[in-house]
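Before anything else, here is the set of structures, which you'll find just below.
Shared between the two complexes below is chain A, which has chain B as its partner in the first and chain C in the second.
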Partner chain A sequence: MTAASLNLSLSRDARPILISASFIVVILVAGTFYTLSRLGTAPLLSPTYLLQQLQIGSFLGIVAAGMMIVILISQIDLSVPWTLTAAAMMATAVGGAWALPVGLGVGLLVGLVNGVGVAYLRIPSMIFTLGVNAVMRGLMVAHTGGFAPQTAATDLMRFLAADHSFGIPNALFVWLAVSVLVALILRRMALGRYIYAIGNKEAAAYLAGVNTRGVIVISFVLCGLAAGLAGVLLAGYSTKAYQGMGDAYLLPSIAAVVIGGTNILGGRGRYLGTLVGVILIVLLNSVLSIMEMPEAGRQVIYGAVIILMLLVYGRGERVTS
Partner chain B sequence: MANSTLSEPAMSSASMTGVPSTGLVPRRSFGGDLLIRVRQNIGLATAIGLFCVVYIFYHLAHPKGFSSAVFVQNADEVFTLAMVAMAQTLPVLAAGLDLSVGALMTMVGCIASYLLSGAATPIEFTFGGTHHVLAVLPGGGVGIAIGVVVCLLAGTLAGFLNGCVVVFGRIQPIIATLATGAIYIGIALFLRPTPGGKIDDDLNWALTNSLQDLASTVHIFDDGNASWFAPFAPIPVPFILIVLIALLVWVPFRRSVTGRSVYAIGSAEGAAYMSGLHIDRAKLAAFTLAGFFAGCGGLFLAIQTSSGNADIPQAGTYTLNSIAAVVIGGTSLLGGTGSAIGSIFGALILRVISFFFRIFDIAPLLQPLFEGIILLAAVSIGALRVLRVKNTLELFR
Partner chain C sequence: MNAASEREFLTLSGISKRYGGVTALENVDFACARGKIHAVLGENGAGKSTLIKIVAGVVQPDAGTMRLDGNEVRFPSPSSANAAGVASIFQELSLLPDLSVADNISIASPPRRFGIIDSKAQRRRAEAFLAEIGCEDVNPLMRVRDLPLSRRQMVEIAKALGQRPQILVLDEATSALTSADVEKVYAMLARLKAQNIAILYISHRMHEVEALADRASVFRNGRHIDTFEWGTRSTGEIVQLMIGRDIATQYPPKPQRPSRKIALKLDNLCWEKRLESISLEIGTGEIVGLGGLDGQGQKTLLLALFGVLRGVSGEIKINGKPVRPTSPAFAKSRSVGVALVPEDRKTEGLMLPMSIADNLAIASLDTLAKGFFVDRAKERSAVEKGIARLRIKIGDSKDAVSTLSGGNQQKVVIAKWLMTEPSIILLNDPTRGIDVGTKQEIYRLMRELADQGVAILFYSTDYDELIGCCDRVAIMYDGRIVRELEGAALNEHNIIASALNIDAGAASPSSSDEVAHG
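And then the complex of A and B:
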């Protein structure tokens, strides 16, 4: 009874965020019980450990922020893995003061190509970004010869990704900056309104005078920039770029966005949800690694959690007319 | 507009002869009818045409072109992708997407690497420190037959689970299959943490070579030397299997009410519901059949490589290539138009492109780049329709 009235008092978009936030607490409590009973320690409650996990999670968080914008306009960006890798490889290859701009430039360029293909050529993003991903992979294999490049990350990249200020990892500050920017765009700027409008019905947005193609291009550029930034940071964190460094970010970023309550068909969802979704996935991963869960079990739990969370609040409506 | 004017004479002739409308029109004018059919299946026709051109060119350029050995090799390499592409077609036709086909295929392959060794195999597992033996799979032909059936059932069941999550859970297919795909990969990793397993040598030999080798392995038609058998002897077995699966599974499904419902859902789900079609049943059937096709692919991959391998990147590549094959084969990602036959040709085109790298001296490092550019170009062909749109509103679906 109380649960029902609680749900009624919440807006539709707040419910997923609240449920996934409480699931984070469940994960923390269950993980702490496990470590207390097995090891007699509670690393999950130590701020140092949590900050370290969030530092690793900040790369996923930045990718997910970009992915969310694209999902909100009911598109998807499958080119993230090799955009991220290409940005990292180019940034380390150029080096010096230009490393960061070049990495972001790669992301911007790929986003621009994606946006033009989807908005102007009208090719479904699912397949166009897939093709762009293949091209980027080809370019990088040709560039590096298929090996991990010998180039190293610059000091600035190291500073942004691996160093600490005031005891807090700098990567978290970057993630925070990206989060504030995305939240501002979505909540306070006309661009954000357009993004939601296009996600709900592009034809209606177009008839209302929105330059829908331009907005779609901008959305893909933002997603590309986010992937590029994540690549540069990841290269800084691991001191170098390597083949396939972006592969582990595509599906988790989509999952984080969707767990956060964003509709995969677009037009609905809040950035806070994506933030919570990323933290949930990061903490779930760290608890599973504390438990020394083999990869097989991790995958099964990972899939089951996504399905269960969506069964609670992500169910679609029956199409009856 | 052009379609209706062309088909009108045919329609009126049907009503004049008083034949109950069965969908088949008597006394059709062959040329006109063919034209309509080509128009309606322009994507499929393009895919077939493109494939014929590139494949004939490939054989002309190949030093051993048009020989049975080359055909057999090509058929082996294309079979799994063709099956996975067929699997992907069904959810796409219903305006969905199945991101679990690669994982499902990998899982079935790992199961097959246990069941198809040809020797008596105990089905056993250790749980909670105790050892359980469920059953003993007999050796020889019976065991292999049971193993094949179990593998295909596992694939079908996994597909059915996908369908249940989508239909009863009402979760969007793309995200539901993303999650179930993780579960299937988890099961595959549980079964085969490292690549391994064993497939019966005769089974491997018989299914991955020409009909001649199949006949001599199972000792039929005078070990394949019967004179009437000679014209068929060089045909690759995987090719026959693709044709059989397409004709015996896809075509009947396509013509059934359920199959037509899948197309209707892809065109307009609301309208299909209001017309009294069984939406849930059709969606379940689409995902279940997708599981069956992907299972066939996984089974063959295990037989071909004679091992099971829970290779996550490979599963992802197959899933993504299956989407590309479906699109190149003329099926719209928006649903409602296309066919699994087209997807087979899409898979063939994708594979022939990579065959080209072997005969032309392209630096191996540039191959992924060329593959990517060709893939991007192939999927961009659909962009030509933008040039024909007169009203901008038509662009928005």
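And then the complex of A and C:
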């Protein structure tokens, strides 16, 4: 018992990251055994295949980076699916040089609305962002008139999302840039410290002279921006925007953050964990699709893995003081 | 029966407990008997809280055994301790704010009918227990959130009684009570004692211990120093045992200050019905106390000055310049320079799970930044300076602040604000629930800061403290300042008379004496 608690105190934040990293290895090994025995090949160990998977994962990674910030201040952003879709649709609708700025602008604007709603109107984020999601969806249906949009992604969007440089997908570089930015904010900037402080005890942060409302608004704006960027990239990757393109990003992004060891109630967690969480989810998905697992079974396994990981972290986490 | 009550009821032997690198208890032997009030004394960090947490099953000892009535027992959880007859009232309130008083009192085992909670019986039960401690004025159907702190603490006591304990543990249970309630608690403890219940009493208010204790045990640095029958040691000897060193004077001497510059000037400050035309001046280097009964607007005044309240009317001048504090962020800014040590350090003063260093730096991060980023070297040195200045006892500054004792936690709150180099410091009862040694350090620090030209506004519920520390004391009553006491007029008699808003001359000494002990 003492050894366990000692181990815990040594690496309270590092532990979930280590566990999920080793789970990634388990997935790779198990998947490779499967493919070797059934197909006689090992695609999971081929760099080309892995890079392709990570390229798809980079969209999720960018969404999760923003989601993590919001979760750290013990809020949630459920408007991500249609923020992402709206950004993609607006970007492709405008087209040309303005496509990217407009897409990001949509994300920023939605984030701003979310932030003001939560910080100033004091509406719980779970309700407010859910409402905003519905509003965005309505607006987009009105915009397209219910039909699939006829517009296409611009060259720049395609370059960022689908092209390669030096054999590496450009989307990975974008994800890397976002990651560096978020990690710098969280670890090195005062803003990051305020984010953790608010997640731990908003009242204490406020009485310490932290501009808590400002920080909450900025957090939602960052999350909105990330969703907007992911939308623009995803439209570039699939060459067009389409209804429901963001639906597959809400739960996986939250799951990636939580699997990475971030406390769902806020205030604790490292960005590296979110990175590992995203990779875990992406690889899990690709292994399941290699196994040609039917959709129903995939959902069950996917959900079970999330619960299992959280159970593993939860052990010994009872704080006594 | 007498012989039985003389026998030790609860015995702890060789108990040790460590939190990370900090030893909270080391090889402690301790015993208490039925029908006695056993005071546990010691500075913060002496190990008292850990001791009673072990007795209450909240934490498990690393080594040692516990015997109850001769049989070895082990409490892996608070409910197992409850089942064995141990009820505890902790310093941190354990009530659920959104449930009613009645729900809270019966939370562990509500009365049931056909498996469904019998809310009528539950209400009657709550009424009975509340009546037992003289709190008939508390409506059992009210939500705990809506009760003032002192009432909440009484509900906590009623809840503990509801468990019909054999051993009752009170950990600073009276720290938030009004003096009338303290009296009721005394009467209740006397009744419980007569019912042959063992009572463990932890309090930093020496006069309470003096009035109640039959026996006392002194702890220091996690060790059991001495246990003795009350009355066999003088107060001086006991204090000596607690701190292990001599204390010459309790309060630092007050310097003469003939001329002063006005640092803070309040003119006709009003807020809703809680503050009514407050006018007050505080000079640089002056410590001004806020006195009076609990809840007369003292805390509201401090919050108004710190920019927490909206719609404050009247004028606030700092160093001659009118300011309108709109938020704590504004109040702490360089040009204003106000700091507030809030009432509840656990929820308002600290982010408990975060590290000591993060808590210390949070208020001054803007000054520790270089461009976009926090200058980590500068931050580290500022944190170390803060820790050294207040002599905060820590293992490592990366440890969570929740691992510190109450006194050291309060020091972190104060150090955090000193790092912003404020020119005006507002203190909201900063010594509540803190040991004698730390209190003295805080008094000394206040005077030191004043000598450096800081203006201090100091609210305290302890009259002794106001008299000993303050150059001047403003007494509040019903949202107004009714009197300012200074020099020879600053004495207990005048404070009490003004606190009750009666003419000091007319109040007879005997009646005010009664109040003083009440």
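Please note the rule applied: the second predicted complex is superposed on the first by the 303 of 321 C-alpha atoms of A that agree within 3 Å, B and C clash if a C-alpha of one lies under 4 Å from a C-alpha of the other, contacts with A are read in each partner's own complex, and residues count from 1 in each chain.
The rule is simple: contacts are C-beta pairs under 8 Å (C-beta built on N, C-alpha and C of every residue); 3 or more make two chains touch, one makes a residue touch a chain.
None of these values were measured; they are calculated from a predicted model.
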{"item": "Superposition on chain A - do chain B and chain C clash or fit", "value": "clash"}
{"item": "Which of chain B and chain C A:Arg15 touches, first, second, both or neither", "value": "neither"}
{"item": "Comparison of chain B and chain C by chain A residues contacted", "value": "B"}
{"item": "Partner chain(s) touched by A:Arg188 [first = chain B, second = chain C, both, neither]", "value": "second"}
{"item": "Touched partner set for A:Lys240, first chain B, second chain C, both or neither", "value": "neither"}
{"item": "Partner chain in contact with A:Ala203 - chain B first, chain C second, else both or neither", "value": "both"}
{"item": "Touched partner set for A:Arg158, first chain B, second chain C, both or neither", "value": "neither"}
{"item": "First (chain B), second (chain C), both or neither touched by A:Val300", "value": "first"}
{"item": "First (chain B), second (chain C), both or neither touched by A:Gly267", "value": "second"}
{"item": "Superposition clash, chain B versus chain C, among 95-103, 203-211, 275-283 or 347-355", "value": "275-283"}
{"item": "Overlapping contact positions on chain A, where the chain C interface meets the chain B interface", "value": "201, 203, 206-207, 319-321"}
{"item": "In the complex with chain B, residue positions of chain A that touch it", "value": "76, 78, 117, 120-124, 126-128, 130-139, 141-142, 145-146, 201-203, 206-207, 212, 244, 247, 251, 254-255, 258, 264-265, 294-304, 306-307, 310-311, 314-321"}
{"item": "Touching residues on chain A, where the partner in the complex is chain C", "value": "2, 9, 184, 188-190, 193-194, 196-197, 200-201, 203-211, 267-268, 319-321"}
{"item": "Residue numbers on chain B that touch chain A, as the complex places them", "value": "97, 165, 169-172, 174-176, 178-183, 185-190, 193, 269-270, 273-274, 279, 313, 316, 320, 323-324, 327, 333-334, 365-373, 375-376, 379-380, 382-383, 385-386, 392-393, 395-397"}
{"item": "Chain A contact footprint on chain C (complex, rising order)", "value": "19-20, 58-59, 62, 306, 308, 327-329, 331-333, 340, 342, 347-354, 358, 361-363, 365-366, 368-369, 372-374, 376, 402-403, 416, 420"}
